[in-house]
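Notes to accompany the following structure.
Residue numbering begins at 1 within each chain, and the chains themselves are lettered A, B, C, D, E and F in the order written.
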């Protein structure tokens, strides 16, 4: 497993564990989180890009990985994602650079998966 | 002047003052900031929405006001902006709520300006 | 109206305005937010103190005002609240000090309301 | 050593190294940090829960691990900790989710240590 | 009173009020905070500049005002302060711009006080 | 390779990869970032210390590693760096402690490299 597959495995496993805890508030939050990215007045594709930029300026690598996977699935091209990276970089500053490196690496891994 | 007009006046006035300081790095940063929201692989309209959500999760009222003005100019509807607000709220949590109030109020002021 | 009454008036007014927007996700988020502070495995009183400290380290004055009002209603004493302020100060550092000033002032206003 | 034992080992080792540096300000800060969680107008048990929620909304895994260990020692149950997790999640938003996964995993490791 | 004098008045008044609360941890924190900027292996002048940049990237206007006052007293020139502003802007991104406006305005007010 | 050499290798490799993407805005941002730390009205040595403290209060280990390397090259002594660490700790609070541990460890690795 590469690091992205490891992340997906861990994410799935821990989400199941959190589901087992069976806390109504936490479960509802997870539902709200899923619903927030579904088609509505804005389409799901645009919302995933919003989620990606929010994750970058808040500097959360796991969130970046999750939204890059979703953005690739939604059909965003590399050129479009680079533009979103640039907005995040300008808004968030050089402190975002380590997360930009992470995002670019994650995107490269995604594209390799797609080819194989 | 209402609070949005006050903000625009102050913003313009201080940006001129910062321009007078004539620091090359700061001037280039302001240029980069402007360029980041221009049409490219992503269109300007989408980029403004990215800027709005980034401003909301980073909880900056002045940045929110600026991007709401830009989003309204770019043609985003209230229904679409509410969806972006919701993404920001879910990503950033209840700590975003005071900024959601501010954003909704700013949007209402914008729509009033448009009508008059 | 003093600044705390102004805040409560504005908060109520804007929450109604947000409710009018009638976005399902946003409405559910507000419900989750209310429910999170109700009696459960932890009592409401303890949860309000958690909300206060979270608001202080995240440096949100409106959130601080809201939770101070709730904490006073829940029966926390000044001595206990000072201890919570201290935890927030140590965790969040001197950048929290302006918000500590705000919190202490808000608490003083609350106690004046109680007396009158 | 599992990851929690590794963390405790590294934490102890580096705290000793920082102590060797013998900077008066840093030493006093570490003392203040310890004292902030001792019994006072609020009991130590409540303060540890405040520290945990503050660590979660500020999204610091090492701080989360430290406070979970303290909260378990102080006698907080899983049901009570889940409630604190929920407050942190609602205040801090979905950006807290990776840290919620970490917290739940840490708590599971703690409970396994207790049994063995 | 201009806004800087108002800030200084409020700051002094609330610091006295916090002192009255007489919480040992809080008092010690305030002492640590004062001591951190005194001459040592680094001189006080350099430390104030560190405090200013830290305040800007953490986006706290009151902290910025305080450190600008200290930096001006310590003898930093406008050209040097602009360089520090630039570092803060590059590290923290465009989200720092509203605080840069505030910092430049505060510095202008300070220089006016010096002349009068 | 120790962890600092790994970081430098990864940093260089990913910066080249980002350069390949050839996004004008991102390239210009990287240039601005480099230029911000060059001699000007403030000397490069002072600016690196500003960068270090900004990185610590924003809690970014990769940024801390980068600026510690630069600060050591610029000639800052351990005693001076400890003073900067202390400012960061007081401004940012105990949430900075895990990053202080990281910074001290990185500095120790740097000094070992210098000796060998």
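We adopt the following convention: a contact is a pair of C-beta atoms (placed from the backbone, for glycine too) under 8 Å apart; a residue touches a chain by one contact, two chains touch by 3 or more.
Bear in mind that the values here come from a model prediction, so they are computed numbers and not experimental data.
Trainee: Touching both subunit D and subunit F: give me those chains, sorted by label.
Mentor: Neighbours common to subunit D and subunit F are A, B, C, E.
Trainee: What rotation angle superposes the Cα atoms of subunit A onto subunit E, in degrees to the nearest 5?
Mentor: C-alpha superposition angle, subunit A on subunit E: 180 degrees.
Trainee: Count the C-beta contact pairs for B-F and for B-E, then tell me which is higher.
Mentor: B-E
Trainee: Could you work out how far the Cα centre of subunit C sits from that of subunit F, in whole Å?
Mentor: Chain centroid spacing, subunit C to subunit F, equals 37 Å.
Trainee: Just curious, how far off is subunit C from subunit B if you go by their C-alpha centres, in Å?
Mentor: Distance between chain centres, rounded to whole Å: 27 Å.
Trainee: Please output the residue numbers of subunit F that touch at least 2 other chains, ranges allowed.
Mentor: 25, 29, 32-33, 36, 54-55, 57-58, 82-83, 86, 89-92, 94-95
Trainee: What kind of graph do the touching chains make: line, ring, star, complete, other?
Mentor: Contact map by chain: complete.
Trainee: Can you list the residues on subunit A that touch subunit C in the complex?
Mentor: Contacts found on subunit A: 24-25, 28-29, 32, 35-36.
Trainee: In their shared complex, at which residues does subunit B touch subunit D?
Mentor: 57, 89-96
Trainee: Can you list the subunit C residues touching subunit E in their complex?
Mentor: Listed in rising order, the residues of subunit C that touch subunit E are 59, 78, 82-83, 85-86, 89-90, 94-95, 97-98, 100-101, 104-105, 108.
Trainee: Which bits of subunit B are touching subunit A when the two form their complex?
Mentor: 32-33, 36-37, 40-42, 46-47, 49-51, 53-55, 57-58, 77, 79-80, 82-84, 86-88, 90-92
Trainee: Sort out for me which residues of subunit D touch subunit F in the complex.
Mentor: Residue list for subunit D touching subunit F: 10-11, 14-15, 17-18, 21, 23, 25-26, 29-30, 33, 54-55, 58, 60, 62-63.
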